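Look at the two complexes coming up: chain A is in both, with chain B in one and chain C in the other.
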Partner chain A sequence: MEVELKEMLDELESLKGSLPDPPNASIDKLQLHIKRLTDLAKSAPVRRSKLKDMSAEVVDSNPYSRLMALQRMGIVENYERIREYSVAIVGIGGVGSVAAEMLTRCGIGRLLLYDYDKVELANMNRLFFRPEQVGMTKTDAAVQTLQDINPDVVLESYTLNITTVQGFETFMSSLRNKTFRLEKEGSGVDLVLSCVDNYEARMVVNQACNELNQTWMESGVSEDAVSGHIQLLIPGETACFACAPPLVVASGVDERTLKREGVCAASLPTTMGVVAGLLVQNTLKFLLKFGHVSPYLGYNSLKDYFPTMEMRPNPQCSNGACLERQKEYLLAKPARDAAKAKMEAETLSAAEGPLHADNEWNISVVDNSEIDVKAAASSDTLPVGLTRELPSADEYPKLPATGPADMSVDDLEELKKQLEALNAD
Partner chain B sequence: MEGWDPNTKSTLTQIPLLTVKAGPRDGGAWTQRLKEEYKAMIAYTQMNKSNDNDWFRISAANPEGTRWTGKCWYVHNLLKYEFDLQFDIPVTYPATAPEIELPQLDGKTQKMYRGGKICLTVHFKPLWAKNCPRFGIAHALCLGLAPWLAAEVPILVDSGMIKHKDDAASSTET
Partner chain C sequence: MEVELKEMLDELESLKGSLPDPPNASIDKLQLHIKRLTDLAKSAPVRRSKLKDMSAEVVDSNPYSRLMALQRMGIVENYERIREYSVAIVGIGGVGSVAAEMLTRCGIGRLLLYDYDKVELANMNRLFFRPEQVGMTKTDAAVQTLQDINPDVVLESYTLNITTVQGFETFMSSLRNKTFRLEKEGSGVDLVLSCVDNYEARMVVNQACNELNQTWMESGVSEDAVSGHIQLLIPGETACFACAPPLVVASGVDERTLKREGVCAASLPTTMGVVAGLLVQNTLKFLLKFGHVSPYLGYNSLKDYFPTMEMRPNPQCSNGACLERQKEYLLAKPARDAAKAKMEAETLSAAEGPLHADNEWNISVVDNSEIDVKAAASSDTLPVGLTRELPSADEYPKLPATGPADMSVDDLEELKKQLEALNAD
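Here is the complex of A and B:
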């Protein structure tokens, strides 16, 4: 296109020269238009090609130079490992889509995206999706944008509802699939990020991750859009999502004064962007092994308050798979201790000689992280600013197995017929 | 049961409670649960009929009993407004309640999530969580859908978002 425009400009120039004086103003005008078109053509989208390696070279054409600088500065030991990792993002809404973009720009190896919804104009108060994508499925629209931003990332799009029996099966098998990195232990993904907006879907992610022994992170923004949280869940090691009623940040707004009439939920791009940022920061720290990975981090935007806490699993958890993981975790304790002792010995011998005699940072070598494994009850005492979203299930006496009503019928087909008969009149 | 009208309360207490804690992935235990669901729904439907407050029809849309479809209706100003009703039993049921959908009203009211899922009151989920696994589909309809219809249908009609089927038929003919 640029070549064509250049030729046109040249022809006009020679036409101008061949014409008798005075100079023709309309030709000047045409030349100006063509110059503007040429500029527009130059700024048209260009797709970069895939890169085989992450280069640390600092040139303006290298998309990874500033990320690889983390390694040069000693923040991250091996940044390029990010290309080996797979992250599944469940829910491509205000938080999930932004998290997906951040991970894409960081050069994550593979992203699996799950959502059943379509892009709507009502989503435009949030980041990421564009008006021209209205009507597309969120997963497809996300793939479209992310592929352009970074073609090195392997993207998989799953348009399904994970809470249904069928959707759940596809969800599970996609997480198990190891074709991206055959030698990987456990499931086919390194981390699952839950970016859904409701309790039901979170419980489903929890179920899948407990069954697969899959580490995951939970994120959420309150329905009044002014607070949020992220949470790390390691099956067997930390509380699962069903171990205790969900923990949320108290916005400080009195529930009774909160006007809910006529609306379901509010949302702000700011709160969602902050929560997505906290979530992906924690993800990067977890995957690339730097800094402290937060077990729970809350965000109260009205007070700019960030409560944190840790939660142990509940030995009476109602989730069967959680109990199995807890058992496995306890059984593996000797092996864990041995590995830890070996690592400590290695670091000590590598340091050569007596070090840290003055213990400048007051580092304690006594490990108290596994002392009170049964201290789940302590989760009743919450840090200031955190609250339980739902009550626990009541204890109730186990009724005899005769069934709830005094109807003697216990045949499913017969019961179906009874309901159909009632439905018929 | 703070926050519920006395009518809903008294109806709820008459629906038989369930005992089996099982979801659609639990094989034989789910069949047992399904029997209890039917018993509770039969009792609730009978109760509605005898109280002259019949307001829904529902039946399983697949042999596993994991998807349900039917109709519900609400009478406003002596006119009956009827809607399709559908929901799936989630894999984490009964820890989480089914999300009831009225697809015909999708996009017509703020009190609805995408896909036509009704937006429940702040009182529903806590009560459901407290009563797991004793509440079933019948309880979800009584506590979730019935109050929603009572609150939203008058608003939808008065604001002109929905029309009675007789009016709608004549207006589409022209």
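Here is the complex of A and C:
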């Protein structure tokens, strides 16, 4: 625009020179118009430049001062490590877009965004997208907004449907790509956030993460818009999405199918904002190692009730990759136990007895190690209001009595056959 | 811009006519430049036009379809009533700006926004404001964004500090203004949301709402950015902000003072987004009459723990307007009880006995009226982890034994003297 205006001014100058009787009033007026347009163009948004380091300096111009303050407050040990991390967000809708904005404003290193849909006016009842973006793909619109907010974040946008064969392949190879941090172990990302709105896509994310041994978090909002949840899934260690599948699933019904019949799911910016906030807060706790990462957290907005629970993997899971991860996790148990015992011994010897056995305030440290053990042992009991849809492992009499720790590959094959036989009934 | 370009084109045309030897190549080139600039201007964002009604029609172009679906889902009886309501938001920072955006996207009738501060790059770690808005007042920047998102919302922006004498007067008169809905009882707004970041401003909102007998919700986020809360305050019925003041308050210390010393509070878009979401969700429940409005809801993000509690007004409150509201509330008790008894009787006669006393599924309705009574009676017991900072009413032996219901104005004067004497110790 400014180039265009500059060229016009030059052209006008040469026109003035070529005229027989300068000065000409029309030319003066045109020059004035161009000057006003140039001013208008100059007042347009100026982007901030990239910042090499995250400074803790408390000045109005520092976009990171309030985040680096988390270190001084003793919440996070090294906030700047966030720049090393890559997070993939699948589904850039009411939850995914807000999660992407939060991570961008927190200064995450790299964001991978996946969606195949376009922005519609019907999305305007949720945060993030603006009416002027209607018609753009959600990934393009998100990149446009996010790179203006924080140019320090590396944004990768994938406009594709992960439930197609081609889409799944691109999804997998993008997760495997390690060019952002070559020395990183495992896949190329540190966490996958599932923010999709249907069962099929969740099963695809589950498959990908089980295959890649990739920790991920699942999120969801109910069709009546008033409840939601987040869940942490660590392949082999926690239940995968197929370990306890919902018993009733609308087959092949997604938002598009519903719309054809003149029906759509309700949604609210509040519920989706809360779920995105809880999701990214747990993402920050997971990446920056502070607080307790919730294995499962529900949100019932009508009662402001937040149920929690833990789910261990199902040895009868229908997902083959999940069974492999379970086996690896169990095989690594002795090594894990040894490492844990060593750490506990070191902690104990470092703190031989209480620091101040006797003090004037009569403060004493309560030993709660026994409580912890009990809590861990009862982690498979469900909170009030939840019932188990699948039988527990104890109800399969043909299982090896010693449990899955001693399972060989043959046992697993046998199990799969049993499960298939059960499913065929 | 388009006007400017149109005028240029006309000017160029008249110049062309005034020249001795048309056609002139320079003029053709200038016309081409103007045409290109016009195309550029046309491709700029187009705002959506105002909508007279909230339609439930399920089409991509309807910004209200997902909200109106709340009616079909049985959550809300009449969603469109939201257009009749006015909400005032004091403090357009990390919580207030997001609350404003959520209410705007929900199609609230009218929003009143109060703030005196300007947007800075240091605010970019929270949602809503964009780097290009740095230097604008928060109220102007908010109006700019919100009217683009939803032109149906009536936005009123007040760039003022409510803690100054002049600011407080404008604040009060704006809350009293009823031109938006003349028939409305009480003040001109339906709810005030306090989203400020300091004690002084909270006390001012408290004073205004006690004087106006205005229901409001308070919100806050801790200085270490990892916890927050929301609280419902109904003058006379619940504790006001002065009924149970924090015992330790940093005197005169706000963000500006702190910054001078090179120290600032930490903040996170996650915690603030969750608090804003919980605040506006409870606002929707309050205005549209669904679900349970939480009297107090905390958010401890390190543990994902959400404490709740209820606080009744303090008969020794230092706020005179609060004591007046308490007196009015107690005086109106017989009328409230009669209305309640009448409603219960009607409900009982309408449902004479269970609908299906006997059914093949052996489903029976449990009478939980006794449980409700117990829960209400114990509403002043605090949850685990909370301690009372002020003595309870029982610990004041000089109080009339029958409680505040029988207090006269003289009793209240006497009480105030007692309290002042206590404070002077």
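Operating definition for what follows: the second predicted complex is superposed on the first by the 287 of 425 C-alpha atoms of A that agree within 3 Å, B and C clash if a C-alpha of one lies under 4 Å from a C-alpha of the other, contacts with A are read in each partner's own complex, and residues count from 1 in each chain.
Here, contacts are C-beta pairs under 8 Å (C-beta built on N, C-alpha and C of every residue); 3 or more make two chains touch, one makes a residue touch a chain.
The shown structure was predicted, so the numbers you read here are calculated from the model rather than taken from an experiment.
Contacts of A:Arg36 after superposition on the shared chain: chain C is touched, whereas chain B is not. In the superposed pair of complexes, A:Cys264 makes contact with chain B and with chain C alike. In the superposed three-chain model, the partner touching more residues of chain A is C, compared with the other of chain B and chain C.
Looking at the shared chain after the overlay, A:Asp224 reaches chain C, while chain B stays out of its contact range. Touch criterion not met for A:Met136: it reaches neither chain B nor chain C. After overlaying the two complexes on the shared chain, residue contacts for A:Asp117 are found with chain B alone; chain C is out of touch. When the two complexes are overlaid on their common chain A, residue A:Asp148 makes contact with chain C while staying clear of chain B. Using the contact criterion defined above for the overlaid structures, shared-chain residue A:His292 touches chain C, although it does not reach chain B.
Judged by the document's definition of touching, chain A residues 120, 262-264 lie at the interface with chain B and also at the interface with chain C. Those residues of chain A whose C-beta lies close enough to touch chain B in the complex are 116-118, 120, 161, 163-165, 168, 198-200, 203-204, 206-207, 242, 245, 255, 260, 262-264, 318, 390-394, 396, 398-399, 401, 403-405, 407, 409-410, 412, 415-416, 418-420, 422-423, 425.
Here chain C touches chain A in the complex through residues 1, 4-5, 7-8, 11-12, 14-15, 18-20, 24, 26-27, 29-30, 33-34, 36-37, 40, 45-48, 57-67, 69-70, 72-75, 98, 101-102, 105-107, 120-122, 124-127, 130-132, 148-150, 223-226, 259, 262-271, 273-274, 276-278, 280-282, 284-285, 290-292, 294, 297, 301-304, 306, 308, going by the rule given at the top.
Residues of chain B that touch chain A in their complex: 16-19, 21, 24-25, 31, 34-36, 38-43, 45-46, 49, 57-60, 64, 66-67, 70, 88-92, 95-97, 99, 110-115, 119, 122, 125-126, 129-134.
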